[in-house]
Amino acid sequence: MVKVGIIGATGYAGGELVRLLSMHKEAEIKWYGSRSYIDKKYASVYQNMFQIVDAVCMDDNMEELANQVDVIFTATPQGLCASLVNEDILSKVKIIDLSADFRIKDVRVYEKWYGIEHKSPQFIPEAVYGLCEINREDVKKARLVANPGCYTTCSILTAYPLAKEGIIDMSTLIIDAKSGTSGAGRGAKVQNLFCEVNENMKAYGVATHRHTPEIEEQLGYAAGEKVVLNFTPHLVPMNRGILATEYASLKKDVTYEEVKAIYDKYYADEKFVRVLEKDVCPETKWVEGSNYVDVNFKIDERTGRIIMMGAMDNLVKGAAGQAVQNMNLMFGLKESEGLEFVPMFP
Amino acid sequence: MVKVGIIGATGYAGGELVRLLSMHKEAEIKWYGSRSYIDKKYASVYQNMFQIVDAVCMDDNMEELANQVDVIFTATPQGLCASLVNEDILSKVKIIDLSADFRIKDVRVYEKWYGIEHKSPQFIPEAVYGLCEINREDVKKARLVANPGCYTTCSILTAYPLAKEGIIDMSTLIIDAKSGTSGAGRGAKVQNLFCEVNENMKAYGVATHRHTPEIEEQLGYAAGEKVVLNFTPHLVPMNRGILATEYASLKKDVTYEEVKAIYDKYYADEKFVRVLEKDVCPETKWVEGSNYVDVNFKIDERTGRIIMMGAMDNLVKGAAGQAVQNMNLMFGLKESEGLEFVPMFP
Amino acid sequence: MVKVGIIGATGYAGGELVRLLSMHKEAEIKWYGSRSYIDKKYASVYQNMFQIVDAVCMDDNMEELANQVDVIFTATPQGLCASLVNEDILSKVKIIDLSADFRIKDVRVYEKWYGIEHKSPQFIPEAVYGLCEINREDVKKARLVANPGCYTTCSILTAYPLAKEGIIDMSTLIIDAKSGTSGAGRGAKVQNLFCEVNENMKAYGVATHRHTPEIEEQLGYAAGEKVVLNFTPHLVPMNRGILATEYASLKKDVTYEEVKAIYDKYYADEKFVRVLEKDVCPETKWVEGSNYVDVNFKIDERTGRIIMMGAMDNLVKGAAGQAVQNMNLMFGLKESEGLEFVPMFP
Amino acid sequence: MVKVGIIGATGYAGGELVRLLSMHKEAEIKWYGSRSYIDKKYASVYQNMFQIVDAVCMDDNMEELANQVDVIFTATPQGLCASLVNEDILSKVKIIDLSADFRIKDVRVYEKWYGIEHKSPQFIPEAVYGLCEINREDVKKARLVANPGCYTTCSILTAYPLAKEGIIDMSTLIIDAKSGTSGAGRGAKVQNLFCEVNENMKAYGVATHRHTPEIEEQLGYAAGEKVVLNFTPHLVPMNRGILATEYASLKKDVTYEEVKAIYDKYYADEKFVRVLEKDVCPETKWVEGSNYVDVNFKIDERTGRIIMMGAMDNLVKGAAGQAVQNMNLMFGLKESEGLEFVPMFP
């Protein structure tokens, strides 16, 4: 039984970790960390856990936690994990960081896009970018996993096979992404009130969103070249779900079957990535509550472009689900343990 | 392994049965019946099941089904199950009917409220009303279970302890219920289009809704007297969830603690009914996707009334989840098998 | 041209006042008061007003305002208007208070339910309760109008004719009301975040909601007796709209036609109250954006009760629209001036 | 007073025409055409019109209509207007066609994308494309106006100034558009049910949507070159609103101020197009219920692209509002008559 500690257990990603780990057969949550709710019953913050979780919220004491658990999940604002981690802790416990602190290899890029100083850049080199389908073997050996961002997971997996196989001109890649509102977190902000989000849609962070360099770095590894792209996130009046619509020029004429074969090459054996049938567009509702990413594509001969689409639950595969998948890999468990949920519809 | 056949597998309740049974360790779906989609791949109707269910839809042949499976779920319009069932079938297979055909003991009441002739009234006496928390022992022995309606499950469980203990004046009971739109089914009707339901709320079936006599019959058994009440359903712009707000005059002065003790008497050992803490109002979101019913109450000394509240997922405890719970009881499985989901939030 | 000042112009009710008055032919807003946004452009707070309103937000200086305008609308938290008003101000300017400060004649009731001390009880007697359809003539002569609450407007108008005519037993009256989330205001609270409200429904303020004594007082005047009732509000995942479902025992046998005649007696000549045709249930969407209240009823012979229903836009007839209607009456304008909007659907 | 006939008055665009024209001071609806609801009271189909519209629905008799009214709006499926119109009718009455029949000058393009034969191609040359801001003078003189599509209005106006001024490389233009569900019409289809759309998002018509050639033709006129582009529509869980996010490579280095000046050149005097302030992203909610289009842009120096954004109410500026704007122009009325609504928020 893997003993788990969570720092940031009362945000939406933290709450989803609690939901998933509560049903996980090989894991047990020992520490519900939440600075905002210390000493409050966890189930009074997340009433869905009533009679399921009896624990009270604890502080963010990573030193103490390292002595008590096998793995720490940090579902916290940027900068916190980097400020807490040290060699002593990492020698005792594995860390899966759901923040951005260890996702980007070039610390200057991190500091520029996030506008904060990185407090422990010495651990960046060893951190493994935990996109399981791509870095599975490295994750298994990691002490410190940087769990990918929600937009990035969906954006990368949607384009990865074509980037890897060199089919698309990476300089033309444009990612137009749409997210449910849980991605904005549980902070009390006017802009996230029901009446502000409902019946509304907008782009935000245009040309400046922090997931941009993360996508560029990972797709750059795939393509074997430096990638600079446009990424535009949008806020959608729904709780969960990310949809990425991606555009790129094809380097050469390809048929549907050829492209389908490329997707299948990378994903046919992947449980959590489903390449849909021809002309079926991914819909966020069809993956809700599950760890699946549904992907598909359409070739437009008129423009010479390919339109790639991916749909995912931002709190599961985009955050807590992938974190659990990483934990499973790191502890030699079945990769899909605790994640074999059928999507909920409607 | 219990072999399962579903008739009406492509409605919302049928789809939920498929979702739940796909994750059930002791059951296996052998027949996906759907007159509307015969020979179509089930996963093309419910894309969430892509790569999970490979089967195609079959017709509604109950005779044939009875030879192949251990239990048949009928998630079909009123009248169909009653028109198909016969002694030969019941001698071979157990039936859990999610329609109203066998819920009401007085066939004249059924025929009056539903406006159709009952085609097999001879089986009404043996049918067990499958509200597990109340009729558990009878369900275990049943060949034919009448799975309760969604509104009725929530309405009954919310008031049951107080009706049973004679604390409330049953002639004053008023049930004001609110339901998400999946309760209206997957039929293509203008009134259920997104733009008609969204940003809208209305009562419907006022004083005439068919769940009324079902609630009256069951609460009448509990109270030991004939019950006539007002039940008013409302349509709410959400997918899932029923909230029942119930009003009744107290027969005598009671304290919070006394009423709490009554609820606990009936529900403290019930896994799927959670009596919330004082002053916490049930919310549908806190039980979404799960088999829980959350209940609570408030005494109003000014008016001498008690306000009882219950929240539930209409497709789980209100339909498919309760049906699976009944199946578990009928086949001697652990009652909560395949139903131990933590509610999903947000 | 009536010169208007608004205190609290950046809440949802204040924003609706700005929307309505911007299109009003006989009124002109001179002062956009908002303590939270002083010196910010109003249109940067409510982007819908871009290129329509150029003004910046001002403070809540009622003394100064009284010298500049003909009427002040206070769309502010309870207690503020009562703390600012004085005889000098009232001698210069008319006040329409959208808070509860002057709605309740018995100051002890106000102080008990609102939990605050009333700072100017001397003005309570002269304040007119601004439910235009009931107190039209008094409103015309008023200096100080207490604009009714949202729930109360809908709840009262739905039952008023039957209370007034003595058809229903007032001791049995139960009001189960449902409201869109704009009624909760624009404050940044976790409980009003999109993800907390969406796909969710709950009762709140059960047996304790502050609109209770206001409804009791007004229906008491209508019935000519002291009224004590149950009022239960619910939060619904939609922006606008209140639906009230009300239950009462009939004092005697009445026919549909008799009750319809009673409703028509009071509302046939009222532009903003529509008594729907038989068996048509009010829906909030059919009145959205307008000043209409749609009402109807259903007699249940089985229980001897009548179910009354009313639907209304909480920000229009439930707040800003009724305030403008009051202003029109107070200044001798056409009562419907600036309010003749057709409801928006879908 | 302009006498108006509507063919297709019970679809969502037709219903919006009725809403807007009911409040128009210079127009009067004489004919509510709706094949589906002949002889039914219009207000029983759209209950918001109760006590506002007394008329019953009529058939689609354009010949008869031409004798009774000054202008006919056809808010009907593709092909109907083209099959009904003839020289005799056009000699008596002006026609504003909200379908696509006369939008595209090359009849082969129309027939290819729409898959139907055009029944009156002889009127295509004289039809004026009714995008008022661009073709104002021609609209004034027209007998037959082709009212633009919803997506196209938003897509074109968002990019028009830059296309016209030659600032962007038209071969790189990609339009990613998102629409509320009213754009899908009021037909009873499973895919448009509340439970299918709510909490869901998807692309559809990828590389094949019929608004593509319309956008290409109009932006081609602006750019003075043949334009081939990608247009991808998405379905969003909201009633109203279209958001277009558009990407193109800049032909040369430009500053924010230079691009802003270009937008202002075309839109500073346009009442219904609002160029937002720097870094303010258009949101659909800020224009809801109004005839405004809000546009803005962001230059991305990293990629050399410009991201253009536009938001609009699909039923107003995207359909009925623009149709009324066209009517105003055709009859010498004030262009904004009946359209001066402030957007409704929230």
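Per-chain numbering from 1; labels A, B, C and D assigned in written order.
Definition applied: contacts are C-beta pairs under 8 Å (C-beta built on N, C-alpha and C of every residue); 3 or more make two chains touch, one makes a residue touch a chain.
The shown structure was predicted, so the numbers you read here are calculated from the model rather than taken from an experiment.
Of the two interfaces, B-D and A-B, the higher number of touching C-beta pairs belongs to A-B.
Ranking all chains by how far their C-alpha centres lie from the centre of chain C, first place goes to A. Averaging Cα coordinates per chain places chain B and chain D 45 Å apart.
Each chain gets one centre point, the mean of its Cα atoms, and the points for chain B and chain C are 38 Å apart. Look at where the CA atoms of chain A average out and do the same for chain B: the two points lie 36 Å apart. Within chain A, contacts with two or more other chains are made by residues 12, 182, 195-196, 198-199, 237-240, 283, 285, 288, 346.
Across the complex, chain C meets chain A through its residues 12, 181-182, 186, 188-190, 192-199, 237-239.
Those residues of chain D that touch chain C in the complex are listed here as 12, 15, 19, 22-23, 44, 46-52, 182, 199, 239-240, 274, 276-277, 280, 283, 285-290, 294, 340-346. Taken in their complex, chain C has these residues touching chain B: 172, 174, 176, 178, 180, 195-196, 198-204, 206-207, 228-230, 232, 234, 236-241, 243, 245, 247, 281-285, 288, 298-300, 302-303, 305, 307, 309, 311, 346.
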